[in-house]
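Here come two complexes built around chain A, the first alongside chain B, the second alongside chain C.
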Partner chain A sequence: MAVADPLAASSAVPAGEPPGGTAPTVVGRHDAFRRRLARLGWSFSAPALIVIAAVTIFPIVYSVIMSFSKVNVSGNGYSLNGLTLHNYSLVVNYGPWRYALVFTVLYTVVTVSIELVVGTAFALVLERMTRGRGLLMAILLIPWSLITVISAELWSYMYDQQYGIIDAIFRAVGLGSPSILGSAAPSIAALCVADIWKTTPFVAIIVLAGLVMLPRDVYEAAEVDGASGWTTFWKITFPLLRPTIALAVLFRVLQAFGLFDLPFVLTHGGPGFATTPLAILGYNVMFQDFLFGPGAAIATTTALLVVIGCLLFLKVFRAQVGSEIS
Partner chain B sequence: MADITLEKVVKVYPNGFEAVKEVDLDVADGEFMVLVGPSGCGKTTLLRMVAGLEDISAGTMRIGGKVVNDLGPKERDIAMVFQNYALYPHMTVAENIGFALKLRKMPKAEIDRKVKEAADILGLTEWIDRKPGQLSGGQRQRVAMGRAIVREPSVFLMDEPLSNLDAKLRVQMRAEVSRIQRRLGVATVYVTHDQVEAMTMGDRVAVMRSGVIQQVDDPQTLYDRPCNMFVAAFIGSPAMNLYEATLEAGAGALRLGSQRIELPEAVRVARPTLAGYAGRAVVIGLRPEHLPAANERSDGNVIEGDVELVEALGNELQVHFSIDAERILAEGADNAGEVTLHHGEGVARVDTRSGMKPGSRGRFAVDTERMQFFDASDGLAIRE
Partner chain C sequence: MATVTANRPSTSVASSVPATRRRRRRGRGAPIGPAMWVAVVVVVLFVLLPIAWMLLSSFKGPASIGTTSILPHPWTTSNYVSAFGGNGSGDTSGRYILNSVIVAVSTTALVLVLGTLAGYGLGRMPMRGKLPLMMVLLMISVFPAIAVIAPLFLIMKSIGWLNSYQALILPYTAFNLPFAIWILRNYLMGIPKEMEETGRIDGASPLRTLWSIILPQALPGLFTAGIFTFTACWTEFLMALSFNSDNNFRTIPVGISQFGGQYSVPYGMYFATSCVAAIPIAVLVLVFRKSVVSGLTSGAVKG
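Our next item is the complex of A and B:
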């Protein structure tokens, strides 16, 4: 996917840019040496880059072309017949697409926010633990390590109206027996819960990795300066953790925006279009309705949105933390 | 404002290493206590225990009369300059310095004023909006200092706060620190490796070695009357010359290698116990400035040595010589980048007019009145 590029750019930020232009510029022989080294690097990477181009760039480019083409589908294949913007106008005026766009964005914002808060809390607890940290981490990672299709299947059992445990709990506390996956709002909530359950550990581990890297002595200085635990978190830990959190957010947003397997298995995108994200919509349009042109247009717009989102995010991220950590 | 009292304070690290051993130390209210000792002797550990950053394995620590063993740094009202600065990487110089004040909910205008004042004293005004990552080591160190001096704590703890500054700035800062400390009248513990800082800044100096405090005295007493060979060798630069010598029967003279030094009546009267060492080995200590070049007028005791190296310092010559007596090397005395001592080597500070040259034979007058005596077996000074 196109997403590999912004990530590579983000990791190059701290090393590549001398803070405030105070570093002396490298000139002369050293410069030439660096260029030679860079050429060598490119030549070593070339084979891999060619393979990557073949398996990722080509399909992307092809799908973009397809999205701008009149596609004729027949019994023995399809053909592209001339350029058009029709696919896009179809998609933009298609009610389910508009819904899926809003749904995907909101879903991403809500789940990632919750995962971030809960994951950070877990990480803070884990960091303070002296005993049993390994064990707790292993337990926490189980949801993350389960294959999504399987965990989605497990959740669908739990949400089941007849023999699901959640239904049993609802009845036990006197909330009746709602059909969770049968109506829109509850099934959206159910989807969010399943996603948060699965992905929070991932966020927790990333944040924990960031936490243990923070300099201990800075905390001692804060203690001597008289900072309380709460103040220390907001004035020291959080600002220093921002790059890590940003990374976690980036990973998660990319994943959440491409949401597919969880609703595909758990809710089948329903009821109606209630839990149909852009990825499932694109898939359905393309491979169930065989509308290749509009399907490609959905894929292209989604990818474009992701790229724009990431670039915006990286820009803000750079402005905020680029100069801070050196 | 408060005094600090340590009673049999011990620090055992989790790995079993005993870094501080039964330390007793009193720092009076307003007193400037300098803590010196070789690298790894436990200075930082002791300071961190006073700060509350390291728990106390045994013993009692009081600040202002109150037992603080179980109190955190916050409740001890201390300001500390960390050996490795420990600046907040995400805050500007001004924010770093003002952080503690902000936590105390001081009005913004007052914080700004205090931060400005501190930055001015420390010569940091130019960098006030920079982040620590964009500062030099010396600038960072001054920020760390600024963080401490804007506060008005009960206790100042400073761990080698000027170690990274250039000579000129160091002289300037030394005076500033002393001035601020006196103005605030705050009990201060100040760790340093710098002989000059130790001698000039401290009301008293505590010399530490392998977790044990060797001697606590005002700088002059420490210099003139070290309690053991370690302190004698550690304080002063170049270090005191320590030689093994034999006291002749009757304690009237010393044998230093093949040479003989008469001990005047006054020396023996001042140290009656010296008589007990008659016929035995003792260690004698002579500071380089107590070995001036001998001239025609020097009567009595003169020792001769082969001049190996002459360092002209402008106002005097530092003459490295060697004699055929056994040189004693007290552990940790190899401070201040001194030339490694060979067998029998010593240093004398002589007048530039003596014109001593390497390869010649130097004659040095021995100031027996200022000579120090130590028990060769336990290294303790023979004073009485």
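Our next item is the complex of A and C:
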């Protein structure tokens, strides 16, 4: 598990730090001095690490324990008694959980793919702009900075069948009144559009950052060779951009997998369970049904999937990501 | 690639934009043509129209909010008045905004203090096992909050913290620290080592050196980390919803999501409050655009 205690994790690794990169002075001359600095570093970092461990790592571990326990919640307290696999067997056999799992995975794949293609395309356009790029980037940041709950309310207003402007546009072009949030498939599409509206600009800005840093001379060589724009993109730009894109995808996938705010307000997870991702299902099981055991099992499986996804991703893209992170 | 080359904060888009513009080359294809301008206009409209719709709708009275007319007729500020406590309806939105400000400002201050100390240690001290530690931090910062919500809720319930400011300040601090440490570390690493020696020769304590010599050099990093933390607190929903259900402690997202009764959706009040809540962040983001962009990209792009 990657959620081990950070202090323990660190001691397992030999001193593989590249010398000279981080040490403030005279590497290797005074070991004692180095040790003193290291101690100083740890004492500076300790408050932050303790807060992080107390509020994230400890609860994650606790959540795992809870998922294997019988949890009794009473009026003013709760108790854990006895180890059991019951929570997991309940969850795995629960239809809505299976649906939520498939829904969350598909939703993540679809929205992140679209955001990536559109965001990259727009970044390529932005990169060529000689004027007004600063203004455009500022405009792109607006949806990103908007509270998700607000954008969810806004989209629900626009999708509404009676007074929604989008519904009115559908009627105006002769597509009838589709009752967008009333049935499953349109609701899912509506959710995706709202998500893409908010996060594509984020992807575009990250990709743009990668683009402006690419070496110029390669492109001059490609031009001399008479390569077309399309060939240049696939043979030069895309391979060079891979590290940037890999990390943008990692961030977006993790965010999308924890999807909560948008469907919670926009569709209330409905109709039925049509737009209920894992996070909303877990929330409802815990805070509406007060079933903390099964709720913890849902939370733990979600977290485990995230960790497995991360590790797989880092394995596949290790070369790219490694060079970015180190 | 070694740590030395990978962490120059100056290599973000924000700062490199002017540089590229200065040596604008004709190397990469033709300048953008009409088709691309059309694409730009379409994207800008797609981004801005919903925002414009929200702004316009916030000025629509009961007569026009339930129609698809584009402009409000008549223009009215009644939504703002009823959201912010005119005619005796109670200043609920004002209270939500105050709560959000208290939580966001306290969290940001805590994150900057703890994050600077940790970023300094992790960025400039020869500590063993820094890299795995940074990786763990990075993973925590993107971990789905649902994984910790139940235990945190039960702990807070048993120590009586539900419906309080610290119920949000502490978790927000923990979840925003990893990213802040990450950003501040990158900035602090870029500062020449000689700066510290100056302090040491003068006999200053390590804390004093950090405060008066190193920190002024890292101001852009503090801005970036601060803006990100503030924005994250301002927009966070799941924890605020779970821990602070009492009307007196609701933050803006929770307040907005709980507006209205069973039979009516008060969209006018939604949008009035939303516009007021969105303005501080929009201004912050626009003014500190460069810090935001460099923050967005520092996770993804360095080197």
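Following the convention adopted for this analysis, the second predicted complex is superposed on the first by the 275 of 326 C-alpha atoms of A that agree within 3 Å, B and C clash if a C-alpha of one lies under 4 Å from a C-alpha of the other, contacts with A are read in each partner's own complex, and residues count from 1 in each chain.
Operating definition for what follows: a residue touches a chain if its C-beta (ideal position, glycine included) is under 8 Å from a C-beta of that chain, and two chains touch if they have at least 3 such contacts.
Quick caveat: nothing in here was measured; it's all calculated off a predicted structure.
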Notebook entry, point to check: For A:Y283, is the partner it touches chain B (first), chain C (second), both, or none of the two (neither)?
Noted result: second
Checklist entry - After lining up the shared chain so the two structures overlap, which partner does A:E220 touch, if you call chain B first and chain C second: first, second, both or neither? => result both
- Pick one for A:T231: touches chain B only (first), chain C only (second), both, or neither. first
Larger residue footprint on chain A, choosing between chain B and chain C, goes to C
If we overlay the two complexes on their shared chain A, which of chain B and chain C does A:P239 touch? Say first, second, both or neither. first
Which of the two partners, first being chain B and second being chain C, lies in contact with A:L85: first, second, both, or neither? neither
Where chain B and chain C land on the same part of chain A: residues 20, 22, 220, 223, 323-326
Listed in rising order, chain B residues that touch chain A in their complex are 51-53, 72-74, 78-80, 82, 84, 86-90, 99-100, 103-104, 130-131, 133-134, 147
The residues of chain A that touch chain B in their complex are 19-20, 22, 215, 217-218, 220-228, 231, 235-236, 239-240, 323-326
Chain A partner, complex, touching residues on chain C are 1-4, 6, 11-13, 16-17, 20-21, 24-25, 27-29, 31-32, 36, 39-40, 43-44, 46-48, 50-51, 53-54, 57, 65-68, 114-115, 117-118, 120-140, 142-155, 157-158, 170-171, 173-175, 177-178, 181, 189, 193, 196-197, 206, 210, 231, 234-235, 237-238, 242, 252-254, 256-257, 267, 270-271, 274, 277-278, 281-282, 284-286, 289, 292-293, 296-297, 299-303
